[in-house]
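By written order: A, B, C and D. Residues from 1 in each chain.
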Amino acid sequence: MDDDGAQAPAEVVHSADGHLAHGYLTGKDAYLKRLRRIEGQARGLQRMVEEEQYCIDILTQVSAMTSALQSVALGLLEEHLGHCVAEAVAAGGPEADAKVREASAAIARLVRS
Amino acid sequence: MDDDGAQAPAEVVHSADGHLAHGYLTGKDAYLKRLRRIEGQARGLQRMVEEEQYCIDILTQVSAMTSALQSVALGLLEEHLGHCVAEAVAAGGPEADAKVREASAAIARLVRS
Amino acid sequence: MDDDGAQAPAEVVHSADGHLAHGYLTGKDAYLKRLRRIEGQARGLQRMVEEEQYCIDILTQVSAMTSALQSVALGLLEEHLGHCVAEAVAAGGPEADAKVREASAAIARLVRS
Amino acid sequence: MDDDGAQAPAEVVHSADGHLAHGYLTGKDAYLKRLRRIEGQARGLQRMVEEEQYCIDILTQVSAMTSALQSVALGLLEEHLGHCVAEAVAAGGPEADAKVREASAAIARLVRS
């Protein structure tokens, strides 16, 4: 799975909804690395619970993992605003409004989660 | 891994700082199950980024994962208050104050993360 | 309420950084009303503390007030994305990138506060 | 209103649900001062919207106000855990469990708001 990016020369991918994923790729490997670390944190939490480590230490790890996740989300969001939303806005029309509303709803979910 | 609890009759574990982990065990399997699901969400996110799925869909998954993590944290915290902190408070003395301060600091990290 | 902008031609204000505040006006009265209610909640909290009401009831009010504030912030942010950021993006150039970065930083502060 | 505390020599107050508000009083004036500052922030936000100041500056103020509110909430919560919950736990019985559950629910609202 990890080799996928290296093997695929066609870095411009059309997703199901037709958006260009080009800009997205900029930091793809960095995102994957961060997400693998987050996956490792999830396994670490299981080990801590398995070994019945001290609750407060587990909670500290959960906070660290939540911060790491939020940081990934904020990075993806910035790329989304700078690419997908920007392109839709530049093109104008109802699609522009829809993209802004969609991004705003995603931001609301992040703020409230 | 799940059998661990069943095989080990000594369910009362003294952690490094000497607290009884007894009450903690009540929901141990349920916590492990939820954390394995969270680990699966972390792998799912990697797949979504690998396949360059739509940013907003990835953000929705991050929000769901953050909520799941918070829910685990709130459960652990409630058990911690009801057991470790309660025992320290019942015993009284400076240890009681220290446990309340420690729990409050953990809550602050959760609220701010 | 919407007529406000139409009747008052001088309401289009160029702020220090030169953005048109026009679109902003759409919901100005509604925002002021919500902020007055939030100010009232802040006074209500003082009364609760003054009267030494039950901690948990005060915390419930704080949570309600925080949610109201977040809701105002998310509304303002959506307008900002749909107007200021959209205009900058449509104009293109380094200003477009700067606006996206600035909005992303504001979102990060909201998510982390 | 501010004189209230000074006039009332009986600092141990029994609230409607019979809890001793004694410990609570420790920082009463400091809490009132912080809440008055928060009320001032709410008025400042109205002025900013009234004058149609730059969205991002308003959002920065909202984040500051949210942080100030959370900080008040975390302080009240720590006092609540150290007094009301601690007393209930020391007394034992179903009331102890109820207080822990009630505090945990308040924490959950704070984390999710």
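Convention: a residue touches a chain if its C-beta (ideal position, glycine included) is under 8 Å from a C-beta of that chain, and two chains touch if they have at least 3 such contacts.
Owing to the predicted nature of the structure, the values given are computational and were not obtained by experimental measurement.
Visitor: Which chain's mean C-alpha position is the greatest distance from chain D's?
Guide: Looking at centroid distances, A is the chain farthest away.
Visitor: Compare the two sides of the chain C and chain D interface and say whether they are made mostly of the same residue numbers, over half shared, or of different ones.
Guide: Both copies touch with mostly the same residues.
Visitor: Approximately how many whole Å separate the CA-defined centres of chain A and chain D?
Guide: Once rounded, the distance between the two centres reads 34 Å.
Visitor: Return the distance between the CA-based centres of chain A and chain B, expressed in whole Å.
Guide: Result: the chain centres lie 23 Å from each other.
Visitor: Give me the residue numbers in chain C that touch at least two other chains, ranges are fine.
Guide: 70, 73, 77, 103, 110, 112-113
Visitor: Can you list the chain A residues touching chain B in their complex?
Guide: 1, 4-5, 13, 15-17, 19, 21, 24-25, 28, 31-32, 35-36, 38-39, 42-43, 45-46, 49-50, 52-56, 58-60, 62-67, 69-70, 72-73, 76-77, 79-80, 84, 102-103, 106, 109-110, 113
Visitor: Taking the touch rule as given, give the residues of chain C at its contact with chain A in the complex, in rising order.
Guide: Contacts found on chain C: 70, 73-74, 77-78, 81-82, 85-86, 89-90, 92, 96-97, 100-101, 103-104, 107-108, 110-112.
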